[in-house]
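Following this message is one structure expressed as structure tokens.
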Amino acid sequence: MDNLVKRAKELLENKTVQVVIGYEAGPTGVIRPAFITDPEKAGKLIYNDKCDQNLAVYLTKKEVKNFGKMAIVATLPVMRSIMMLISEQQLFAESIVVLGISADGNLLDIADINIMQGYIEKSDLSNPEKYKALLAELNKLNPEEKFAYWQKELSKCIKCYACRQACPMCYCTRCTVEVNQPQWIPVQANTHGNMEWHILRAMHLAGRCISCGECGRACPVGIPCHLLTMQLTDQVYTYFKVYAGTSDKMNSVLSTFEPNDKESFII
Amino acid sequence: MSHSEHHTERNSLAGSIESKVDVKAQKCYQCGKCSAGCPVADDMDLPPSVVMRLLQTEQPDNDDRILRSHSIWLCVTCEMCLSRCPMEIDIPSMMDYLRQRSRSEKKVNKKARNIIAFHKSFLNSIRFTGRLYELGLILDYKRQSLNLTQDISLAPKMISRGKLHLFPTMIKGTAHIARIFKKTSN
Amino acid sequence: MKFGIYPGCSLTGSARDYNESVFALAEAFELEFTQIPDWNCCGATAAHNLNKELSLALPARILALAEKNGLDEIIVPCAACYSRLVVTQHELKKDPELKNRISEVIEMDYKGTSRILNVIEWIDKYIIPQLDAKIVNQFRYKVACYYGCLLVRPNKVLNYDRAEDPQTMDIVMTKLGATPIDYPYKTECCGAGFSISRTDIVSKLSGKIIEDAEHRGADAIIVACPMCHSNLDMRRPDINKYWKTEYNIPVIFVTQAIGQ
Amino acid sequence: MARIGVFVCHCGENISATVDCGKVADTIGKLKHVAYSTEYKYMCSDPGQTLIKDAIREHKLTGVVVSACSPRMHEPTFRKACAEGGLNPFLCEMANLREHCSWVHEKNELTTEKAIDIIRTQVEKVKLNSALQPIRVPVTKTSMVIGGGIAGIQAALDIANCGHKVVMVERSPSIGGHMSQLSETFPTLDCSQCILTPRMVEVAQHPNITLYTYAEVESVEGFIGNFKVKIRKKAKSLDEKACTGCGLCTTKCPQKKIPNEFEQGMGMRPAIYVPFPQAVPNRPVIDKEHCTYYIKGKCKVCEIVCPTKAIRFDQPDEILDLEIGAIVVSTGFDIKHADFFPEYGYGKYKDVIDGLQFERLASASGPTAGAILRPSDGQVPKNIVFIACAGSRDPAKGIAYCSKICCMYTAKHAMLYKHKVHEGNAHVFYMDIRSGGKNYDEFVRRAIEEDYVNYIRGRVSTVYERDGKLIVKGVDTLLGAQPVEIVADMVVLATAGVANPGAEELAQKLHVSYDSHKFFAEAHPKLKPVETNTAGIFLAGACQNPKDIPDSVSQASGAAVKVAALFSQNGLTREPLVAFVNRTAPPMYSTCVGCFLCQSVCPYQAIEREDFKTRDGKIIKTVAKINEGLCQGCGTCVALCRSKSIDLYGYSNNQVYAEVVALLNEF
Amino acid sequence: MSDFEPKVVAFVCNWCTYAGADLTGTSRIKYASNVKIIRFPCTGRIDFMLLLKAFANGADGIIVSGCHPNDCHYTSGNFHAKRRWIMFKELMDFMGIDMNRITFSWVSAAEGAKWADVVNATVTRIRELGPYVSYKEMVDKSVEEEVKNG
């Protein structure tokens, strides 16, 4: 990872960027996000296979934006998040430098959006293998079992909204859950309200989820809520043959249409 | 629900062509461009566009006329019809299917006897040797078609030019070829 | 990259001269290729007329043999074989279920990865680039380039040249010093598989092809298909008898023209 | 505190026959917030309406629910009544007891209960209604017509004659369009130029019309009544005021070998040229691409010979900024040329021509002065073949549609040929003859019966040349698909009508949608054929799909009426049932986060961007803003908005939510 | 369950299905009275959350209906709705929420008879399925959870 450190240092030294968002090892060795502003501290940056947090979530945070131009250590999900954020006008391509990391952990030379797009297009964009297996398991259940499964899982939800906080696509300044005219989602945590919240979240991420799995990792009570969005990612591909985060000019699946979109349930 | 799902299973020839070779007779609007370009149309009892029209009627009598026609055997699969068809109807594939149906229903036109005899001889030749044994083909064809004197003048010239082998070349995998023939003969 | 060649039955028999000229060319231009070991007949017209599955299985065996022997590119001089092989590749790519079924029939793995070249493609790719260095005599004749059916149709499957008034052979011939004529019969059918069973039809169709070439003052008809050659050349007595004519325009394989 | 009045109508016996209206009114009357509930035999009658008006005043009602027929029937009636009673009309809702209840169910308890539920739901909704004011939008009473063919000319004249200003923008140096190229017109065979030229002159001279030729639309911003348009006037290299149109320059220009576009390439023109003798304006332009001076830097013959010194080599393009209230798009069509047809020789045979070329050959002002002569050798063709549906109805060539005009002009061509070459034979290969139209089929029959044009039903497979003749291989499908071979001297292809090159780019500039063939799309295929989905932009002529002259002219007049209707008032009044994006106090300004996904769902381009800036102009936040002039109130953006920052008047989130809750719960 | 009267809510667009249902009335075609209609300007306006709210408030069945593709009064609202319903249906199926209880249909302003058919078929189906017990139980349980939690 010398290359990464060297590049980050360079960028900070020649003032191309004011902050580098990456990973560092905390005092106890736990990987945590790092926000490096001092070139001398670039050496703290690390990258290994434990660095799985989707850092793109910080790109829309005011506190981070205030540093100025940002560089970000970006694995495939981060790059795809960046594409989504640019296409949804939450980020300007000019305001970031992407320190791309390949699947085998090496620094990529991502000079601009087009190169990043080329890289993304060449990559496997379907859900990660470990989640595919889980999804397949769940899809095998019958409807009653599915309903029971989700009721059980969602009864655990404490409405802490960590899933929302961790998701780079959940950048709204006001979430639907904060609307009380009408009160779309009940304030209190209960199975039914929790289910409504998770349905809402999954629908809002339909065609926008880039399968990073961050929401599931963030959940303090272990609800596999990422499977909801990933299931829709699969379906979006099945029906519309697109994956989210493949271009900086993406039209979201639910804000566009093709006249010949196929379905079989509308009579 | 799409409109086509409302239709029940069709028993017509057009129906089976649609399901077996994915050629939709109803697409034909009878412009006749296939017949206009077909090199053998003037020898045909039913030029291709007429075959299409008969199919569209979905009448048993008309289906029968097609299967008993000389046309389906006269088609040389030159693909000109498909190449120029504005509706991109794959008539050549359909003709292949019609020939097979005509044989399986034992409706082969008498005039097509020679043509089929030749095809059969051809396949016989490769069934046993793996490759085409041209002299064997010709002899077998003569036997099947009873055209005993045809091309007699050609043979000696060809043999002398090394163009007609007196003995067949047997490939190593003749047993393999025989199994392929067996598995595909339904 | 290993190049394979699939000569096909005609080239070992009635079209021996074609075979010889292909090999002679290859030798002259130092191009090596391996015959697909133990190749079989592609099934030709007979197979697809009588039995669809067989018509796919026979070519599939050939392609599978090529794959097994690591032949990434196969040269197929016979236009009819070329068409059968490409069509098979296309059909099996389109329908994975059919592919599995055929694999089962031929008892071999079939992937469909080989690239299939017809003779003109082969010439264009490997001969033309070093033509200037090797050419001895310019082929200074007026020629009618006859492509026949199977080099260009079905166009969407073969994806080679344009369906109407194709140009590739004309370009090759021009490079050899010949003057191709504007020739509307380039892709009209010669009667193909009726060579023996319906000589009358062959005579009629081939006669038109020859008549137009003669009428336009061509010195020779250039072909790339043994079947076309045999219909236009070997059937000449029948043709002349059918049309009551005395056509004597020669019919030459494109490879022979280069060899000259 | 809401005070709702409910008025249950019997509709004679239409409702009361199955619904117990008395019980309904009683039950509803007991609901919280219902201040008044009554029943009456005919609510829509004068006494019924008076009942409502009086109750509004008497009971100080804050909302009214009229429980009667479908709102699609009488909503305007009752809203008006409420307004007369002093209540904002948008505080009135209807409960549909007739179409959705009494007429479709049997007389029983359940039906009455359903009626109560329907009313209850509307009561809950109306409590949340807002008093709305109609939206007023100012209108600039100047229209722009893009394209000066017959459709544009007709639209411009009609609008101008209504007393409104028109700016006409034409891309080429003269107006007139394809119609000016035609020889005679079907079904009357009157001379095209003779009927068109007076109209062209009228456009040029009309006091209400400003004509910009050799000009193109650069950009269009804004919305209905308030478009801001930029027009690029391409440099003609000429001082139009100084030029007298004497034409000396065009005769002296040494460059004379440029294919003449007006003659469809069958004649030549100089580099400084007037497209055709009757051109309007009749002033030359310099074709910079071919002018020797522009290419090589010397020549200037035209400048030297010009008696009025009108040539301006250094003239720049000019950009005009215009305020426009309505736009008529009439950019016309193009046709496929012979090179589109591989089987007919890829355009390599000179005597295989397209329909427009035939028009020029037949035209008295054309390159042959009206004689039908072969382009290859100038001989009179003795055998001529017309091929209809060349490219049209040909999905394999990417054109599945019928071009509509070809059947008629092919009959006309064959007729003109027979009138000019008496001893000649005309053959027409056709698939169907589509001659619906006044005197159209009679015209085709005349070609067949009186002029002995040989109509053959079948398509032509191929055309090739042999010994200077064209061999046409077709088929007669009415004779059992018998092959037909004709040795012809000339072949005329009735080629498909296609969208104009540049149509797509213009559509994007105008924010008007277009179909897969790049023809402009109408707002509704049946009921809004001249409107586009962008309010204030209308269509005329063949830019929408291939059309003949009468259809183009009719549509142009239709479009003109739409413009005139828009201009008949000083401002636009629109129903205020539109979407809006919320606004909050700084520093948030709105809960909208500016993802603008709503922009791509909006069919009307009604969603704009609004920047909030600091005092020194730095943008703090950009959020969505609805243009009330454009929004039609479909609410698709509302359902899509994740942060619920957009809402819709009349169908707000609060209202529809309340309806769901009310419908399913008893109180 | 013979006396079970399903509660069915219909979410329909103003221009096609609402008008179609008007035509059912004008044509005096009878249908089950269990269905109650909520009018929207367009299917594009129908928020998927409203469907969940309908179940939460005790609906046993739902109908969502609008203009046929290409007939939308606003040209494309129904196309957007179609995509939304595709996603919604897939998510519901994944979570085991009973999509047999929702009928999606296109009913034009001319299809009065079709509207009656759609309603009757839906009511018959829901009658067979019985009340949406599992969803109701979840909602009821949730109310208890809340009471318990305070």
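Order of writing sets the chain letters: A, B, C, D and E. Residues in each chain are counted from 1.
In the analysis below, contacts are C-beta pairs under 8 Å (C-beta built on N, C-alpha and C of every residue); 3 or more make two chains touch, one makes a residue touch a chain.
Everything quoted here is computed from the prediction, not taken from an experiment.
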Identify the chains in contact with chain C as well as chain D, in label order. B
Using mean Cα positions as chain centres, tell me which chain lies farthest from chain E. C
Per CA centroids, the chain at the heart of the structure shown is D
Does B-D or A-D have the larger number of C-beta pairs in contact? B-D
For chain A versus chain B, what separation do you get between their C-alpha means, in angstrom? 58
Whole-Å separation of chain centres (CA-atom averages), chain A against chain D: 43
Rounded to a whole Å, what is the gap between the Cα centroids of chain B and chain E? 55
Using mean CA coordinates as chain centres, what's the gap between chain A and chain E in Å? 33
Give me the residues of chain D that touch two or more other chains. 343, 462, 601, 640, 653, 657
Quick check on chain E: which residues sit in contact with 2+ other chains? 48, 76, 80, 84
Contacts with 2+ other chains: residues of chain C: 163-164
Which chain E residues qualify as touching chain A in the complex? 48-49, 52, 56, 69-70, 76, 79-80, 82-99, 103-106, 118, 134, 138-139, 141-143, 145-146, 149
Using the touch definition up top, name the residues of chain D that touch chain E in the complex. 70-73, 96, 98-101, 103-106, 110-111, 114, 117-118, 121, 513, 523-524, 533, 577, 601, 603-604, 632-636, 638-640, 648, 650-651, 653, 656-657, 659-661, 663-665
Residue ranges of chain D in contact with chain A within the complex: 588, 591, 593-598, 600-601, 622, 640, 642-645, 653-654, 657-658
Applying the document's contact rule, which stretches of chain A touch chain E when the two form their complex? 138-139, 141-151, 155, 184, 188-193, 195-196, 199-200, 202-203, 206-207, 228, 231-232, 235-236, 239-240, 253-259, 261, 263, 265-267
Chain D partner contacts - residues on chain A that touch it in the complex: 88-90, 171-176, 179, 181-182, 184, 204, 251-252, 254-256
